[in-house]
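The same subunit A turns up in both complexes below, where it pairs with subunit B and then with subunit C.
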Partner chain A sequence: MAAKTGTYTLIASNTLAAITTEITFSSIPATYTDLVVVVNYKANNGGKYLTMRLNGDTGTNYSRTEIFADGTSITSQNLTNESYAYINSVYASTGTWATFILNLNDYSNTTTFKSIVTRSNSSTYVGMNANLWRSTAAINTIFLTALGSGYDVGSTFKLYGIEAAK
Partner chain B sequence: MSITSAKTGSTSLSLALENNFMEPIASTLVGAGGTNSIIFNDIPQTYKNLQIRLMSRNDRASTGDTLGIQFNGDTSINNYVWQHSMYTNNGSAGAAGYGSGVNASIYLGECPSANASASIFAVSVADILDYASTSKNKTLRSLNGKEANVSAQGFVSLSSGVWLSTTPISSIKIFSNNGNFVQYSRFSLYGIKV
Partner chain C sequence: MALNLFKIETIEITNITSSITFSNIPQAYTDLKLVGSVRSNVGNPYDFIYFYLNTPGVGAYTQRLIRGDGSSVSTQTNSVSYYPLQMINGNGATSNTFGSFEVYIPNYRGSGEKSFSVDIVSETNSSGIYMDIQSGLWNQTAAITAMTLASGSGLYLPYSTFTLYGIL
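What follows is the complex of A and B.
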């Protein structure tokens, strides 16, 4: 079994120079096997959740199973028919940072619904998430939204493509 | 301590990701006939770590099944130990699991089965650290999840396990414990450089 060429390609990157409420990765090539989104954000005004919409779908086609802990208690929940893919109840309090690594495997297939698993960390929370987007469409656009106010200056959002062996 | 590149100024995770640190080794997309297991053989010994990325579903007459991973064809149940923390949305709280001398495999997570909602698959990302070492037992960590928009089918887990062998890993077998993987399941193996 011989190794092939390198993979894990940076597709797009955004480092915020101003407070921003929504980041968009559009025209995502369908040529990779998996996508990985790495987010490191700071909230500018109150705790911020990371939420995601795919291909601009604003319908109630998202759901989640998640478990998270805040240092004193652990919470687990399942929420269905939501209009955003909420990426965990981990959040950054004002002025603190949170990091998320989202795995969108087989994102460009047109047969299955799309599943996403995420690890999330901040100075006050740790959690993991399974999200579902009930669509067989290939993912070509990712919207990352801060509900309420915005992500603060210096927050980074990176999209990577991973190409499996042929 | 933050590790910073003198050349680029990049730090920690971004430094690793932007230096072409990962290479594809092998990948399988399950066809219409399904398959009972995936085996990666002749794994090169030239990397530091391995990563397996998979999307899976099987044909068990249930809503879900467990996934296992076995190394070098070792079928001795005493050589595998694992732990996991998990949550299944069946009304219970989060739980922990532990297995030693139970299965000839490390617990990798769960996948949806034939009675689960249509078109849903589980996603797993597993890292096998220092797989080519001849002096260490081999450890694995895995993030796994599935979600179905209905009660009692969602699942998310973080697991770790050890194969009690100092033999370099040259072969990996992935299977579900009570069924065959169905069409569109995908298994990809990558090598990670230092």
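What follows is the complex of A and C.
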């Protein structure tokens, strides 16, 4: 049974055929209300942390509030004026699979700063991040970098646009 | 452009039931999303669900969670032969309240182990109820073709619903 109009539309998809450290979604159309990024990745050479940059901005325009836990201890922290949007809780050990889902709401407006909510799930951590990008620019490019590691073969990256109900 | 979120099936409980199964899940999507609104007949404000992929008892599940109960936060790790979906509403919760959960499984046809995301909330206008974010992993590489959700301490009450979506 098909859904009514106003739902996910796949904008771009990437399944890795080789170990890769950075994935880029570029030329993102401004025609949706929200974006969702779904990543299912296998950590190569020791999973590290993920960083995200928007529109290639390398300035210290990112901040975050996050909570994550490993089954033993819970950490919550707030960090400001960073040059990436860090997502700590996507850490995964070598050869294990992890999933994270990013929601970028009202991404194409040119009036407000952009906030991103991420739910991350690995064999090591579970967590949630609120990242802020202090820019009023519409988001047209997303860079996802695995610090100190790489995304292994078979990892999948998908970018969806969500349209308002019609 | 094509629309990419499709409802595969909704199961609504009409008689008190111990288990529901989504079988013959189409292999035509990339991701699966399971949404539930559930209440059981256990006397506590909360209950849980045994969640199985494909054949119950095959493979092992790992769970990491963060839980809040309105006054404190805790974390757990569980490694078991089923995935414990905690916590949904029990019959000790305020009348007419149902717990809600969402399970997102990307790449469900892939050849890797299956990693998934779980969010669960329950509310009772009182204490003794929980909300979780959970990370799940099933250590099997088979494509997911079925899901079974067996009730925990109680049985599913009427008007509980389970809906499975496919995402392209």
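What we mean here is this: the second predicted complex is superposed on the first by the 158 of 166 C-alpha atoms of A that agree within 3 Å, B and C clash if a C-alpha of one lies under 4 Å from a C-alpha of the other, contacts with A are read in each partner's own complex, and residues count from 1 in each chain.
Keep in mind that, in the parts below, a contact is a pair of C-beta atoms (placed from the backbone, for glycine too) under 8 Å apart; a residue touches a chain by one contact, two chains touch by 3 or more.
Owing to the predicted nature of the structure, the values given are computational and were not obtained by experimental measurement.
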Should the superposition on subunit A be reported as showing a clash between subunit B and subunit C, or a fit?
clash
I'd like to know which partner A:L10 touches here: subunit B for first, subunit C for second, both or neither.
both
Quick check on the superposed pair: does A:N45 touch subunit B, subunit C, both, or neither? Answer first, second, both or neither.
neither
Which of the two partners, first being subunit B and second being subunit C, lies in contact with A:D70: first, second, both, or neither?
second
Applying the touch criterion given at the start, work out whether A:S122 contacts subunit B, subunit C, both or neither, answering first, second, both or neither.
second
Using the touch definition from the top, say if A:S26 reaches subunit B (first), subunit C (second), both or neither.
neither
Looking at A:R134, would you say it contacts subunit B, subunit C, both, or neither? Reply first, second, both or neither.
first
Which holds for A:T96: it touches subunit B only (first), subunit C only (second), both, or neither?
second
So, does A:S83 touch the first partner subunit B, the second partner subunit C, both, or neither?
neither
Which one of 60-68, 96-104, 114-122 or 150-158 is the stretch of subunit B that crashes into subunit C?
96-104
Touching subunit B in one complex and subunit C in the other: list those residues of subunit A.
1-3, 5, 7-8, 10, 38, 67, 74, 119, 128, 156, 158, 160
Considering the complex alone, what residue numbers of subunit C touch subunit A?
1-8, 30-31, 62, 64-66, 73-77, 104, 106-107, 110-119, 133-137, 165, 167-168
Applying the document's contact rule, which stretches of subunit A touch subunit C when the two form their complex?
1-3, 5, 7-10, 13, 38-40, 42, 67-74, 96-101, 119-128, 154, 156, 158, 160
Note: in the complex, subunit A contacts subunit B through residues 1-8, 10, 33-34, 38, 63-67, 74, 76-78, 80-81, 103, 105-106, 109, 111-113, 115-117, 119, 128-132, 134, 136, 156, 158, 160, 162-166
Quick one: in the complex, what on subunit B touches subunit A?
13-14, 17-18, 20-27, 40-44, 46, 53-55, 85-89, 93-94, 119-125, 143-151, 154-158, 184, 186, 188-191
